[in-house]
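You will see chain A twice below: alongside chain B first, and alongside chain C after that.
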Partner chain A sequence: MSGGGNVRRGLVGYLPANGTLQQLSPPTKLLIFLLLAAASSFVYLVNLYVLVLIFVVAVILFSFARLPRLWVRLVFLAFGFEALGTFVTYTVIPPSSVPSDAEILFSFSWFIVTDHALITVAHVVMLFFSMAFLALFLIGSTTERDIVEGLNFFHIPRTVGLMFGMIFRLAGILFTDYDTVREAQLSRGIDYRQGSFVEKLRKFFGVMVPLIVLAFRRAAFSINALDSRGYAIRNVKKTTFHQVRLHTLDYLVLTPFFAILIVSILARYFPWSI
Partner chain B sequence: MSQTTKGAMFGTAQFMMIVVSAALALVGTLIGGLSITPIIPYLATLYVGVAFQLIFGDWFGFWGAIGVYIGCGIGELYLGFTPLFAFILVVVDFVQTMLFAFGGKTIKYNYTLKTAKDWIFHIIWNGPIVNGIGGIYATLVFIYVFKFIGPAYFWPFFLGWVAGNVVVVLIIGTILLKFLSTYVMKTPLYARGYFR
Partner chain C sequence: MEDIVTFEDVSWKYEETQDWVISQLNLRVKQGEFLLVTGPNGSGKTTLGTMLNALIPYNYRYGTLKGRITVAGKDTAATSVAEFSQIVGMVFQEVEAQFLTLSVEDELVFGPENLGVSREEIQRRLDWVLKLLKLEGYNEKSPFELSGGQKQRVAIGAALMTLPKILVLDEPTSDIDPLGKVEVLATIRDLRESLNMTIILVEHLTDDVALLADRVLLLKDGRLILEGAPREFFGSVDTLKKNGVEPPQVSQVSFALRNKLSNAAIPLTVDEFVQLIAPKINLAKTSSKRQPTFDASTPEQSEGGQLIELKDLWHTYPDGTVALKGVDLSIPRKGPMVALLGQNGSGKTTLAKHLNGILKPTKGCVNVDGLDTRSANRKDLVQKVGYVFQNPDHQIANNTVFKEVSYGLENLGLSQDQINERVKNVLEFLDITSYANEQPFLLQKGIRQRTVIASILAMRPSVIVVDEPTTGQDAVNSRVIMEMLKGLHAQGYQIVLITHNMNIAAEYCGRTIVMSEGRILADGPTRSVFSQAEILKRAYLQPPPVCRASQNLSSKLQTDFMALSVSELENVLENLIV
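The block that comes next holds the complex of A and B.
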């Protein structure tokens, strides 16, 4: 089970259990992510307005996931850097690299701002922020079991579903292990902020090596557990205890996301219609 | 009979090889993503993932490459890529892992790097050659398919990609390979068949 009370174990750490998104079935949550991701792929570098719409929807979804504010700060820090970098690569260029059809809005030596550059950078930034918030929405609203059941609903082979569930599970455990190993090293008096590059590298291996060994040990246990239970990996059709079905609420929730996908396809292939 | 003893056929051991390599590649990709700086965008200053590609290629062969493809693909989703873009980009991670594995299979070098031949192969093949091939693909994809980077930045991006990866492979990858290979070979996870 996902866990009782007000918290449950998500893909990374513990998350609120009684949120709005938790009432949706697993395939619905996966579909929301996939529909918006597909929509953003269709309109990227084609229609900025629809991309902005997807970004706004992604932010709303993210707010429903009720993740810690730290995640928002991380997103803006990481993607702010990338946005700045993209802007630099499109504007700090030799004059001979300016596309012939671009209109120069501002120039100073090799710093040349064109309309083409601004639009491209806006597309890149919107795409990255939308997808980052969507990914965080998925993290904040799903558990490993949701992933397995969601993939099973779409008739993905059971083994593949189990594989994805175990990957997320192990990755989540690795983050916990990382904290455990790091705290163990700190309790031995190791200061990660001080020392030369070589010393920092040694400290890094002091965390990395136990982490990998722990992962391998867990994997070896899992092999034994699967084998001892006679779990067949190949060529076996399995039934499931939990049958996942879509309910009226799921269809109602999915409708606007299908609409966004359709608008995106129209924007790409029939731009005159939008 | 246990499914773990069937060599290259897909059993629980191969299943777990994919799971472990994908989980660690996912963590490596996320750590790498957090070390991106605006100096050259999309290039991590310490992309630990490539060190994992090396060890999983050598230890798990084909199954490690599949795991790396899945793990890096999921990781790129968290880093702002659409599923389509993520799975186009991580072809480079799959190819690099396969090249690490294939090189190890062809030369049959010792993972614990005992002889001069082992070191020479490791430094030349696992360093600039594999990462150079991967760098060409990644640069072309970033500039001409995704258009995340202006075309004027082909060489800085390519050289930054290769240099960053070579440093990680030759420092982190070497140490992981040298000191963990003996342990891994004793576990049921070590690949038999499909490149080793």
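The block that comes next holds the complex of A and C.
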């Protein structure tokens, strides 16, 4: 085979070896995620404008991660349902529960759409989508080593970092297995594009069975491999081979995210200052 | 030299097994010794390996251990696996399953990091291992994306990074191309010579490892059946074959001709064989039979037109890897069994997955019995070309063998009566009717393999593509699978076999296609392709020992013959040796 030299394997796919995000130190990516997550928690149900800003930034970051299209579809599918569920939850209410200061925009029996409900739903949807996009940005732009090193930078025990790394590694391997199992099912005459929703679900379970068996077998092997390489050794201070430092680019990139956090805090505690 | 490993009357059984997997084993291994452990599937070889670093009993707590094992003076029942990580380096049979990280460098430094080795020392060891194992420049590559030989070298490197006294390797070359195998074995030999490391190699394919070892053990049903220096050990051809181990091909030929060879010492390598045989050949007999038995034509002529045609086929994967580069190929409706050979990553599997539309061409086209795979209905395609995956666990999705075999037929929309009839026939044909109601995941790999072949066969395709069916199988099981495929071929099925096992390809396939870097390097009768040593070398392949031996003999004797199997070479030499 040839080619493929300008990419490297990330947690859920291939990353450009010299892409913008790959120039950043692992803790920077982790910090971006944490800063925006913290910022959104400050403005949730407080300031929709800042929450929308965070959502827009999350979408931009997500697009930088260049995840496979399938992932984008899955996010919209999963969170589209979630948004719909939230809308129904906040709008199907007994009339007696409508707040007195709420303006009723539309009503049919217990289905009552108020301005309050719409704003609340907007908050929930913005928050969930922002978090989803941020999490996918983190997963889609990092390697397993980034996760371990990033956590290590913040003095989180190496064991915890490794555990996260291994979970992501296993997830990555499962994606590879998924492709192979799916191909094996294709060779048995399965057509994933045809059939009703129930039939598609049944076909999907056909893939899940071998995947689960493979996952268990791999987990058993991994335990032996971990033990054989001293993972469980006691009374030894483990070494971290790769030392992580933040560079000028990292500080420059982090500045606007700190700014967003500060704006969010101000919006929460000093609303008049925004 | 002192003993570094001792087994004193050791027996072991797993919680779920009734019989002892290792039974009353007594064994001593000296520091710096190279021990080869061989035996059929299920003989206890792998179990023996995992006892050396205390994985047994520590990770299998409900098993039963009797006797005492000491390794480097430590009792394995009283020392943790982690502590043994500094003494015993393990390379497991399933190479990918032991990778714990997503880059070569991380994989290599993982062990010393755990053991608290300083960063400077880790860097020194890393540089040493990368150079020693020819992995320089691969630091950031994912180990999962390397070639088979490179993966094995990463696994060996990861074990070496803790500077163990003993290196245990469980079938380290089972899934790699022939010359990759030679490279890995040379690396192991060098390690032993340069570091005086004790090597314990578990292997059931003996051709390339026979001379590397100081001593060889034969295990069967957990018992030590035979033990000795390689020449003495492999001289017991009958005993080995009786116990499911195939001795080196040249040893088998010499053993068969032992009466004519005055019971000379059994050779273990091609060179030794040629030196032994050449002086015994009667040139007069040779010249009267210039081409003793064979000709170079295709054993069975193609007929019935072309079933599959690939025209200028290109395939590029999402990461940009160009796996196929303009392949043109035809497979006739009837013709010899086809071997698809090539180095790991040469594009064999990618090509094969185009034959029933699992993969679509990036450029070019594939026509299967008049259907263009880019637009054809999947159900039509899978009834023309069946694909048996290498690992049966990727394919099995049902809770009984019967359901597994009927699964594809249900997808094709057959009636229940038709399904029952087809499943019954195919189970009988493959002799697995007795397993019909068994849970396939719990069956032996050989039976699981037959189950997935049955599930494809039931769909009655004209062509069956079988990907590495003999990997990890001992000589007996490999032969059972190949005889089954031969039987299918005799019934009119066209078989395309993807394999690294050159002995199997030579013996069973009349046509060989050699691939390298996404292109076809050679395509023709196996006897003719296997005589082109240079082309094979470019594809990281090496003809089987009997081919090399007959080539050497024919060049020395200025005659022209090439045997493809042990029996062919025996027949030729039977007539030529005085």
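For this structure, a couple of remarks:
One rule holds for everything that comes next: the second predicted complex is superposed on the first by the 233 of 274 C-alpha atoms of A that agree within 3 Å, B and C clash if a C-alpha of one lies under 4 Å from a C-alpha of the other, contacts with A are read in each partner's own complex, and residues count from 1 in each chain.
Here, a residue touches a chain if its C-beta (ideal position, glycine included) is under 8 Å from a C-beta of that chain, and two chains touch if they have at least 3 such contacts.
Just so it is clear, the structure is predicted and the values come from calculations on it, not from any experiment.
In the superposed pair of complexes, A:Arg66 makes contact with neither chain B nor chain C.
Applying the stated contact rule after C-alpha superposition, one finds that A:His116 touches neither chain B nor chain C.
Looking at the shared chain after the overlay, A:Thr159 reaches chain B, while chain C stays out of its contact range. Once the two complexes are overlaid on the shared chain, A:Phe81 sits against chain B while remaining clear of chain C. Shared-chain residue A:Thr143: touches chain C; no touch with chain B.
Contacts of A:Phe175 after superposition on the shared chain: chain B is touched, whereas chain C is not. Once the two complexes are overlaid on the shared chain, A:Leu186 sits against chain C while remaining clear of chain B. With both structures placed on the common chain, the touch criterion links A:Met131 to chain B but leaves chain C unconnected. Look at A:Asp227: by the touch rule set out above, it reaches both chain B and chain C.
Looking at chain A, you'll find residues 166, 209, 213, 222-223, 226-227, 231-234 touch chain B in one structure and chain C in the other. Residue ranges of chain A in contact with chain B, taken from their complex: 34, 37-38, 40-41, 44-45, 74, 78-79, 81-82, 84-86, 88-90, 93-94, 97, 117, 120, 124, 127-129, 131-132, 135-136, 139, 159, 163-164, 166-168, 170-171, 174-175, 178, 201, 204-205, 208-209, 212-213, 215-216, 219-220, 222-223, 226-227, 231-234. Residues 50, 53, 55, 58-59, 80-86, 88, 90, 92, 94, 97-103, 106, 109-119, 122-123, 140-142, 144-145, 158-159, 162, 316-323, 345-347, 353, 356-359, 378-379, 382-383, 386-387, 389, 391, 393-398, 407-408, 411-412, 441, 455-456, 459, 517-518 of chain C are the ones that touch chain A when the two sit in their complex. Chain B makes touch with chain A in their complex at residues 2-4, 10-13, 15-20, 22-24, 26-27, 33-34, 36-42, 48, 70-71, 74, 77-85, 147-153, 171-172, 175-176, 179-180, 183-184, 187-189.
On the chain A side of its complex with chain C, the touching residues are 1-9, 11, 13-14, 17, 68, 143-145, 165-166, 169, 172-173, 176-177, 180-181, 183-191, 206-207, 209-210, 213-214, 217-218, 221-234, 236-241, 243.
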